[in-house]
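Going in written order, the chains are labelled A, B, C, D and E, and every chain counts its residues from 1.
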């Protein structure tokens, strides 16, 4: 009753963070490198999921990806419905955490010395390779900070997830929802126990991630 | 009925962000500069407000600062009760948004060239001055990204605020809560209007902030 | 054969450069902020001018008229920027191996090792650039550029921060590699000696334009402007007026109270001229020997005798007019001649040692 | 009077430095990675060694024995690091004004303006460092350090990236300011000429230690090690064996098939010695004149004659043994002597021009 | 009976299931008594937690009796200050007009993939829905289809947006949603007793009393009925007071 939500939470947060990186890094890169009013507006827009109350964001997602929407029906026909599944929880967590990756990574990309990228180009490295072998590792501290925040936020999301994924014990009940339940039921002991498990797990993972990347090439030495 | 929550939201978000900067920047600086397991743990701990579901965080804040706690009673006697006042909303928004400042600013501080700080020292600048005249402006893009995220998050916070400050129209009803209310009442039109106002305001402010700091010394040129 | 034409306008700087070189080592020479680095970056493909044309052997790398722009990746140039541009997140070994990723690991390892040895960087392969001294950093940057066997090597002040012994060795190394693989080399340097030693062909910049090109010996002998003259060590530069033509191909210049003969026949009488001679082209006339001829002998007073490194530098003033003249001798010669401050001596400046500038007007930065 | 004692161990480098200087301009000289920058940073208070003592005039700035450490803010040194350390977020004017914040705005403005003019940076006050050329950046860094009228000026290769004319002017400027305000100056440079021209006192580093101190002339004449010798241009360095003492204060050294006399009296017969002489101390003997004496005359073959900038460099080999000898002459002398590759000539190396090193063992980096 | 306009309005903490009802109710209250009142909407559980931590509310309109019991037991309210004002009505709601669902047993049809209801641990309507399903023997078979929402309002949104094919929700929330309503016999679940209570800390006891009285007035009862509640018969109310 305690471990199933924990595993689900970790899985959801992991997928959401990976998805956030996959989508957020390209956006962050564009934000950092292109200087135009349009790009600035895009940058501000990416903050919007932070501004909307999670339940409201969840409601919009529900409408957009639900069974009444063409998109939702299409996904359903593909056999990967989103709402009321753990994938829905990933969608929700992804939406609320991606802005954190975009902003952090964007600032980090902007700070990378362009001359180093130039040198890599003269060494024959493709633009793709320049990104992965120079820009990315140099921006790593900022990206890491963003990733840690996104992971934490994804772990902790509750309002959006509940709206999109519902609360199906064993299927979509994440740790955050379980804690909420316990608190609302007045089961303070259980709530405290769950909070303890969640925070300790989160702490351990955050510390581990930080340690790991510290000792990678490119980490602070 | 629409403007009062908006102003309240802006005021709360502004105070929360300022408070977040005041408390988050020193922590970020320490995180970036001291290398020890303790500091690393502190760094991971600062992410915790992100991990906890907002309502649960709000519940803990309510218990800690409520009238049943010594702290709450003390604040009440001083004439500055927190819970169920707009100050409580600030407290809530501050808690959920500060981690974003800490992480972003921390990564930015870590990336500042120490040699420049050294040069400033030889030019007679005190440690305080070195921070404000060199470290801070050089870390500004990262700090700005964190501040924008924090402001957006503070604007959008709902779960924590609702718990700590209640939903008292004209007193603690922020925009996020008003939107939630409208959705609860099934008044979708009003909800959409409120969302539009909130997002447009947020967009305008985020863009303005970005533009302003762009043209400050130290901004990207 | 490399042909470069660049035109670009910044708000307060205009680059307008045009040159062709077929030399093994081409030196870009000139004051600070005149566009040398920009030119090199354009050749590397890292800076695209508003208008321009770059051709290397048969290949056209840039032709803005045809909107042709070969990306830097395809140009295969070795580029060492002014601050070396080492990757701070990679070790020395990884930095050097950066451009060899398509090579088999074993071969790559071997090539890197060879290059590290050649550059005297053995034992530093696992350090990060931040843990190296300035000179070590510079050698890593050189190694990284050379190891890929580029078609063209562009060094932006890449030999500056080295101690003389190492620099000399590295010069030899660069020359050797350059000869072995026949890689044309572009070198930006402020060190005249280095430019003279390494450069086969000089391109001299001033304020965004090329003001002189040629072999270094030619530029040393016939600098196009007083500024170039001073840069290549022609310290004695003055203004005078053409006085007469005592013989064919000989011109007399009135210089204050003195008259000097120069080997020129094309200067109209009355024309203001700027002329100069090198400090080592001044000869002291022995008082005990008869004079072979009477012209270009000047009476001077010795102001100061300084031992500057491997040279003896003597500051003189002409007896009439008090014009200052710099003389450079070997320390041993200096001692032999027993030159002491306060003495009155006679000097000879040979006719063919005096260079008359074709530029008119006031000599810039005149000594 | 400045006294410096530093001891610090890194995993693979040990700094162990001890010197005293009272000179106006002290030059730190030596190969790459030997601790020059570290020493300067320690003087600035930016690097605290494990053990150390630093005293400037009456003030003690560092005494690890008494855990005394005056912070850099209180030391009032002007520091220009190797890559200039300009504040990228400030304009040139703001960079220069950085250390003057406690001054009235009007006065500050004036001081900054004066300094910008002095450094030939007029018109650049509103640019950002990123928009400057390398040499312009360097002058801004110098201006920023000088404008605060520091007690001590520390320049870590601060005159490197300048063109010769500007560098010479800046040297003069530095010297002027240094004289006017009597600011002692520490200078790291790899340029021997610059070190000789500006430095009153040299501190020569090797591998983290001080291996020689003294006036530059002394170091040029009597370098302590073959490495220093090469750095100061003594290109001809060889090994030999002490053979005999033909007279008091004269020693004969067997050098391959040749015998050379040197002015030393303290070398035991049979001892292996390293000796050297400068390329400009080799004299060509005119075949048409009688010899004044018979010793130290060598038969040589001319290998190569090169015009290198302001010098004529001649490479010779001894007729017996084939040892390589570098000779440096002024181009005019070179022409007068009509030296051509392939000739067989005779040279004279004067006794007192030959320096015998006191170090034993194999000469490092021998030519 | 009129009070000065600058008097603090009554703060009425109300369960979210009352959200659509509150504007009408409070307007009527003001018309009748001259007292102004503002609603504070949240789930009953959250409101109770806030009250025990000092929330400055005057009245608590719960969707349940349990939280009221708790507040009285812990001294935040007095037993005489409570009143039963309405009974909640549980209905079956479907999204599509052409839905084959006519009653609870139809939920087992394979076309019905998801059934929304409020979390029985948190919401009174959730508890009622569970009881109704248990009584009809559908609780176990429906397990794989049930989606639990935080509040009954959210469950309604699930149906309204078509993400759930059917839902067991409150009539009060179903009324102004675009759903088809199918009644559920009230005998299938324990009555959902909406109780209100005056909070002891209130500085406006008189107005609060007036509000409680107003809740029993015909006009108030009409408003509740209009919004999908049932009016408790007076006798049943007495029964309910003594468990």
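Basically, a residue touches a chain if its C-beta (ideal position, glycine included) is under 8 Å from a C-beta of that chain, and two chains touch if they have at least 3 such contacts.
Worth saying up front: this structure is predicted, and the values here are computed from it rather than measured.
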item: Required minimum of steps from chain A to chain D, each step between chains that touch; value: 2
item: Whole-Å gap separating chain B and chain C, where each centre is the average of the chain's CA atoms; value: 58
item: Whole-Å gap between the CA centroids of chain B and chain E; value: 35
item: Distance between chain centroids, defined by C-alpha means - chain C, chain E (Å); value: 90
item: Residue numbers of chain A (touch at least two other chains); value: 55, 59, 180, 183
item: Two or more partner chains touched - positions in chain E; value: 46, 49, 157
item: Chain C: positions in contact with at least two other chains; value: 83
item: Contacting chain pairs - touch in the sense defined above; value: A-B, A-C, A-E, B-D, B-E, C-D
item: Interfacial residue positions of chain A with respect to chain C in the complex; value: 113, 115-116, 118-127, 129, 133-134, 137-138, 140, 217-218, 221
item: Touch list for chain B against partner chain A, complex; value: 35, 40-41, 43-45, 47-48, 50-56, 59, 99-100, 103-104, 106-108, 110-111, 141-142, 144-146, 148-149, 152-153, 155-159, 176-177, 179-180, 183, 191, 195, 198-199, 202-203, 206-207, 210-211, 220
item: Residues on chain D engaged by chain B in the complex (per definition of touch); value: 41, 44-46, 71-73, 75-79, 81, 83, 85, 87-91, 94, 98-99, 101, 128, 130, 144-145, 148
item: Touching residues (chain side chain B, partner chain E) in the complex; value: 55, 59, 62-63, 66-68, 72, 83-84, 162-163, 166-170, 181, 183-186
item: Chain E - residues contacting chain B, complex; value: 11, 16, 19-20, 22-23, 38-42, 46, 49-50, 52-57, 151, 153, 156-157, 173, 176-177
